[in-house]
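In order of appearance the chains are A, B, C, D, E and F, and numbering begins at 1 in each one.
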């Protein structure tokens, strides 16, 4: 069990869903975000921080022995925002970790790192990145930082290519990509408990019937997701109908990210 | 044959070596750099440009039907410089290419993308990146941008993971990594002549006796390097002696990049 | 749900077993065979047809939006019969599909496409064919037609290399190859529901304890067979005893097909 | 050295080019074709034969200890012609070989077996067929017959996926696919001399600069082509100009076969 | 069911655990060991034997139709002992099997054959051996003998790379490597029942949550372990605490074997 | 350049051929064998030694900074001889190396480690051993000792799976397996000069036309053999004729070793 866990991006969707369960992982939880968090619990602390502020990030890492790094931009946005949040912010976090006690990090990477593979291709964690957006490119950058800081400075990271971490799947694509917050938590627990993880990439999807990803190379973690999207299949297909096979968003794993407007227009 | 070829970073070492031979590739050559170039030839034009200046880069791409992109930072330096030259600069270049006529690009990536693989591992162009420096991480980012702009916007790129492109090899490691400028030129020629290249990664080394890299997946280019480092082996070993096997710089492909000072101190 | 499903070979063993369940897939089911079918149900139509008759096959495809193609020769027979049923018949079917509305096809291929692999080899859908009979060769031809008509004309096919689709397994080999009709039906359902299948090969075996085949490359279908041959293991071994390991029929996946009489004598 | 070599399709282009060199392989050469051959040499015999005539083919194999099987249809044609020449004809040949002394066969397969792979994919002899035409499908059938007759009856075959066997390359695509008749002959010589070949597939291309195919799995043959298309590159590019990258014939290995008229119209 | 099963090393830990269940496999069980066994049951016989005594071993094989070979040295010991028990003893056993009726053998190989692979590497049965001890080297020798005696003399062997076969796991490493005796028995049962096994290597671990090994290539056996170490996880972690990640025994699969004293000192 | 090189088995065929060239590698050469060597040169010393004598072997290693280990049994012989020469002798050599200054070792392994692979299989250095003789099994043991002593004690070894190292090839098989002594010497030179070799396996064959082995994974050594067996092809085939394809010695890489008399009879 950790003494002090830092979770960045704690006010976002995934962070909010994980918060009530983090007591299972750590005695004290430091929450960080650019946005405010008001309902801080006794075992929690809140520190507002912009990840592009190197000094502020350095303060965050003080006394921390584990990090869940959800912060930064999480969808396609103009490139300036992505550089500040996901390029400079990622560097600041790892530099701070290096100067402090080199805690283990769980990095929220994304399936959009590989979004331009087709759905009928099965991917393991050794495939070459094929991002579907500037957002996806920034996550490729993040994984490369994590790789470097392990090989050069010994900081261990689990890069989780999260599928769709919401309360329930919202469309046919998410029947394959959905990740329950409970399964995300058990993955974090395994990553902190394993004796050695180096830099490992894992895909974050629950035990759904339809599967695009193969976590065999991370089997040493012993993670077995328990939830499944199957209970919502009928409801989703009834309300949305089948997918249009002529739409690139149906052909590729990244869904709508592959054909969205150009980010300069967003 | 191209009508107008743009070469960024034209005042650097590789650019200077290539310049006299570019007439074989294009009628007109636009040279760009932050530094001045004074000996401009009749078939050349010079445009000074900082790659982090989006408007300036946009001007560069006007009327261009081929790009050799050597510009940016080429060694380990403080992170701010790398972000401006290799992250923002790369994005600016591809955005300008997208707005203009989407010319084919040869991107000077680097062997430091995979510098933390050991020398007794043989790498093809499908291995997962394992960078040895922030500089190497920025080249991972660059290849991801190239991948995205092909999949999404149809701009084709040859990413060349250049070994050591100097007049001659300078140490035992370069007996394996040396790339002559003549072989670099013939690679560029093949890349512009091939009917379709998508986004392809190739390792840039001459026909040296010692080989770490396998370009089999890019064999469709029909590139066959002609030069070899072998003629300098005796001279190098005589003057420098054998490598120290206990030094990480000897164990890993990245050489000294794997164990240099932290970039914040450079 | 389909409007009009065509099932060829409807009077055969697999067709007869599937018929009562096809209402789950389609509003109307067109049954076709060279032999008569007398107990036609309200939602069914019967059209007698010889697959080597191009005009007759063309009529079959009128108004059809899905095909289960079981027709043709299903065991080793003289070559003339195989050419008419499985070579000319296959071509006629795909030509008719091309001229009409290019419905998706489920093609009953066979494990005898790979019958000369040994039982201790584990096969995925990328192995080179190794047929055990002229019948198996004709199914290699069929899969090649399906591949061509997708790449060239956009007709999608699931080629199912059916193991042994009977009410129950009849010998020790079938403990591995048995496919229940219920699992065959759920596979058809998945194939019609998936947004895009291109030309995909899948092995048709239930969730038996002994497995020779790996459907990992078709995992995107989300098909999970539910039945198992295990309940009959004791009964089969008690009545037939162990297999003779010196018999080629025990060594190879194709069983008795590998050592049968020459087809010219059948 | 063989005593009696049979070459089918001897009046066609490849056969005519090989004829003057066959004395190096055999004492007597039996030539067969549907068309006449008038300039028969002292060491040659001519036997007119339609391959779809089983009895005629049986006569051809009398006393033969080696076969070069070039006969049948060699381009996209209506399906009836292909069935007679390449399906029934192939079966007749192997049945005759089985009834006589099971001579080793060199089978003229074709690159059109894999014509729907892209040019930037490198293929070895274990890839799944992806034919580009009914003609290509018939060659998939032929290779499957060869596989079966080795596994079941011990007849050994070298299936040569011939690229473009002409006097010289005629377009940019053939710079990669060209096979000189001299290299084809040396391949035949190796195949007859090797102690054991089972059923092996090999790609037939000369030592061209541009290569799409990897014969590594057939390296045991020790075949090394000597000729190269490179001498015609400048001439071809000058007269035809570069290929149109937007044309599927440029994208895929099969060239124009992938986009020709439907065979029913030919 | 076997008539007469020989189990060597019957007085050791694994042998003692298996003994009460062997009635399920054979009518008569011959037990052998250098140590005495006093509680011999009606269906059992005991024959004391030193495996380095060729004549004694030859007597053991008389009338035997199945062997479970557990005998020899099972931990790191001085080299002389290992040569007598695991090199000479292994040869004596297979020579005796060859002279008698060539019964099928289950050979107790060991995970220490691959102990110098890291825990975050997933191994199948085709990896090159990487032993962690002289004991491990002797098991590499044993598997090579088994390979030879199948290829040359037709004796079939299942080489089981046993993890940790104890009543329950004793430390965090064994949460991954534990093999229950019940699962070991079902593996033996499958190996004797399968129609053909040649020489196959399988890893012996129960259905534990954490998995380092992939038995996919032995899936034809149909073995599915039923027990799991998970019930002891909390108890083990509570009493022993987490593993020290800086200890080579934590990094490598072989655990303490990789860093023990030199055997000459044991 | 080495100061003192030890070569065991110096009186054998390979040793005798290498001796005159060893001055290129070392100042002083210590020769060892059970047999006498009388023509000792000024830069050579001779020490008679039986490898099964641990004390004698320990004396051999005194002051040595490189070893070429050719000693032991080199063909199929009774098992007792093989145990003494190749099992105990190998252990004695590595123990002596460990106690002294851990010199780098070139170990004469053998192609008979993989002799039961077929000639039409292409092997790299990661294939699972498949020995063809007790002699081959003993070389599997030797490679495992070398692997252990690198992983555990840091002694580096190049295990050379020597093909046929004679003055010239003597039969058709040796056209593929022949290794000239000059190429063996250049391989030794590369192995002593490379900065780091760990434990690497390489196949020892000259640049013959027919190749069964792939040294790609050892390309970092930069070894390129120069000689070829081709000049003797005609002579060998003329005097011996073609190989009998029905003979297992023709089918398998090990040649006659796969079907020799049982060693107990030799």
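Definition applied: a residue touches a chain if its C-beta (ideal position, glycine included) is under 8 Å from a C-beta of that chain, and two chains touch if they have at least 3 such contacts.
The chain lineup, named per UniProt: A, B, C, D, E, F = Uronate dehydrogenase.
These numbers were taken from a predicted model, which means no experiment stands behind them.
The minimal number of chain-to-chain contact steps leading from subunit A to subunit E is 1. Shared contact partners of subunit A and subunit B, listed by label: none present. Both copies, subunit B and subunit D, contribute mostly unmatched positions to the interface they share, with under half of the numbers common to the two.
For chain pairs B-F and E-F, the one joined by more C-beta pairs in contact is E-F. One simple way to say how far apart two chains are is to compare their mean CA positions; for subunit D and subunit E this gives 52 Å. If you average the Cα atoms of subunit C and of subunit E, the two centres end up 42 Å apart. Within subunit F, contacts with two or more other chains are made by no residue at all.
Interface note: chains touch in the pairs A-B, A-C, A-E, B-D, B-F, C-D, C-E, D-F, E-F.
In the complex of the two chains, the subunit F residues touching subunit E come out as 79, 83, 87-88, 91, 95, 98, 116, 125-134, 136-137, 140-141, 144-145, 147-148, 151-152, 258, 264.
The residues of subunit D lying in touch with subunit B in their complex are 118-122, 172, 176, 208-212, 214, 242-243, 245, 250-251.
Within the complex, the subunit C residues that touch subunit A are 193, 195-198, 200, 216-217, 219-222, 224.
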